[in-house]
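Okay, so chain A shows up in both of these, paired with chain B first and chain C after.
Take a look at the complex of A and B:
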């Protein structure tokens, strides 16, 4: 996996998002915010934190920012899905959720039993990706 | 959305997120899937979205070259997080190459429709020159820019019929439920990998020949202007606005 540097990220945002300056600015703000975060905070980033860091007005405006920052050009974040039921917490692969969406059935990661209303038991957050590990410590 | 939900720093469930922002919930799952079917399904949703933008604005794009339209599509896909390039080297210069974080690849060949031999040439470039048909790249696309007087669905129907009588190994075709009549799928045994290779043939409607009064004014302005887009002429803009009354 190629490492993503702060210079890579900023120059790609500039090149790729010139037609959508609002999205580009929000991406820069998120990038700056990530730079200031301690190691421990980078593995569990909620949507609410990204909303505040990006300074966009609502979740719909956050969508293009997240699409870009989880994509192939600037893979700053991984999306993390966890199945949470009682004390059980298990990571879930996004492809398992794709299958579930198509089949309508999600199987419990440990028991294999079909879980009714599974989307109410899957939580979503973000983690700074391994590729972006070198980003941090200083602002843009 | 209630402010309290956003103030709390606890993770959303997928169900909450779908209710609060379906667009964001959909945006989450594009980037790094390892499932080729999932990758292609989402990619086609994105291509359909930019296609709709191009078709709605076909009046201002009527003089655009094949390459310019392709660049517009590529720029849109880059904004969606794909590593998309125009004219990248793939045993030649493939018009569109799209890759996700997991290294899944889709190739597209763009052709401004002039005749069916030209489309056949593009199909052969895509399937015999650029693609390998490897498991990480088992689909491609033909983007057919249609500016002819013949309606787009007729062009696609004839292209489908002509493709169907070619001697492609294990050939099967299927309808496209997202753009019925304007797109379809072909599937055949890829000559390099020997695996099934699927191609989505996408007709993109770019003909613009209105017959109302505004169109006459526009044409007159076009005739008078030399090298200046008529849409930039204030008088014509004004006349066009009034013609809609």
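Take a look at the complex of A and C:
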């Protein structure tokens, strides 16, 4: 994967989001925020943190920002899904969740047994992608 | 030629033992066998195989997975260290310890039904040695036991009557505690060249440390009786290796990844720090590093979980001390948990980290 630089990200946001300036501004703010985070502190970014960083009012305004910043043009973040039951935390890949959405059946990643009400046990957060590693991260 | 019944017995056995489903499907993929995301989708694929299909390879793979799970899956470990050349004369004739006419021997290598287990004695706990085998690390005996386990299960309450739903509305999760009997496959490995006996307790259910302690006592008592009849005069329980000093050395040794530690700081707090992902090292985490720096490294460890990459999966050790042992020069932890091993090579590697 090609490395994403701050200049790439800024110019693509400008080109791609000119019709939606609010989304573009929110993306710039998230980008600025990522630049200020130390490298070791960018692997678990919650929705709440992104709401704050983007300074948007609610999740409906945050959704297009996340879609863009996890997309192919500016892959700033990877989306991470975890299955959390009690103290146990297991990574889940998006294909398994996609299949579960369609079949209505999600299987526990370790036991292989069907999990009732699985959606309440899925946690989503974001991690700065490898492609964006060169962006910020110096602990400024 | 292998049959579908044989295939089904091994699949049922692996499911009952709650084999890690990722390990199972990884092995199936390596051997071009059917895979799926869960048991409910996997079993129909095997059911639909033609009756005359050549199942030999499939059964060989399943047999190996089952055997490795029985011997090396998540285990609590106790090591008894004897004096130099003390063990050799004590193990004379131990093959006679195997009882071929027990309830467990009849169904071995599979577990007996829970209904049968219920009928077996709980006091003393029904325990029988069912098999003995020589390998590169000496003789290993499989010791089956009736074990009482309690498991926490999450309850789907969405279809409960409305009044119940209302009463439970304030809770995010409803948990039930289920008590049941399971058949444990513990092992006793007699390493004469090292003057050690390694006891492993099969964590086939969610055992608490107290449950593990009870299971260990059953074997210690049995060993005491049997070794005494071969001339042993000492107390087997006193020979248990103390793993507590290993906590600090495992943390200090740069290899592997530290997933969890428990420690008590000089600033007066009990800390339990755990990485969410098994492949990330707590020792490199900024919050952990800066915290230690702020107190000049002044902390006493009392528990640790450490993992090593075994080639795409992780094998590891947990030493489960308690916070009241932190900083106590005479603290003892005589049981450790070895987890993630897929075979004997993995298990021996992790065991070496504990005893060397």
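Simple rule for what comes next: the second predicted complex is superposed on the first by the 136 of 140 C-alpha atoms of A that agree within 3 Å, B and C clash if a C-alpha of one lies under 4 Å from a C-alpha of the other, contacts with A are read in each partner's own complex, and residues count from 1 in each chain.
Rule of thumb we're sticking to: a residue touches a chain if its C-beta (ideal position, glycine included) is under 8 Å from a C-beta of that chain, and two chains touch if they have at least 3 such contacts.
As the structure is a computational prediction, the values presented were derived from the model and not from experiment.
Engineer: For the overlay on chain A, clash or fit between chain B and chain C?
Structural biologist: After superposition on chain A, which the two structures share, chain B sits beside chain C with no clash.
Engineer: Which partner chains sit in contact with A:40 here, chain B, chain C, both or neither? Use first/second/both/neither.
Structural biologist: second
Engineer: Give one of first, second, both or neither to describe whether A:105 is in contact with chain B, with chain C, with both, or with none.
Structural biologist: In the superposition, A:105 touches chain C alone.
Engineer: Given the touch rule stated above, what does A:130 touch, chain B (first), chain C (second), both, or neither?
Structural biologist: neither
Engineer: Under the stated touch criterion, name the partner, chain B or chain C, that contacts more residues in chain A.
Structural biologist: Comparing touch counts on chain A for chain B and chain C gives B.
Engineer: Which partner does A:119 contact after superposing on A: first (chain B), second (chain C), both, neither?
Structural biologist: In the superposition, A:119 touches chain B alone.
Engineer: Regarding the shared-chain residue A:88, is it in contact with chain B (first), chain C (second), both, or neither?
Structural biologist: So A:88 meets neither chain B nor chain C here.
Engineer: Is A:63 in contact with chain B, with chain C, with both, or with neither (first, second, both, neither)?
Structural biologist: Only chain B; A:63 stays clear of chain C.
Engineer: What's the minimum Cα gap, in whole angstrom, linking chain B and chain C in the superposed view?
Structural biologist: 11
Engineer: Can you list the residues of chain A that meet both chain B and chain C?
Structural biologist: After superposing on chain A, chain A residues 82, 99, 117, 120 contact both chain B and chain C.
Engineer: Using the touch rule from the top, collect the residues of chain C that touch chain A in their complex.
Structural biologist: Result: residues 15, 18, 20-22, 24, 37-42, 152, 154, 156, 158, 172-173, 175, 276-277, 280, 284-287 of chain C touch chain A.
Engineer: Of all residues in chain A, which touch chain B in the complex?
Structural biologist: 16-17, 19-20, 23, 46-49, 51, 58-60, 62-64, 66-75, 78-79, 81-82, 94-95, 97-99, 117, 119-125
Engineer: Chain A touches which residues of chain B in the complex?
Structural biologist: Against chain A, chain B makes touches at 1, 6-18, 20-21, 23-24, 26-35, 38, 75, 78-83, 99-101.
Engineer: Would you tell me which residues of chain A are touching chain C in their complex?
Structural biologist: Of all residues in chain A, those touching chain C are 38, 40-41, 43-44, 82, 85-86, 89, 91, 96, 99, 105, 107-114, 116-117, 120.
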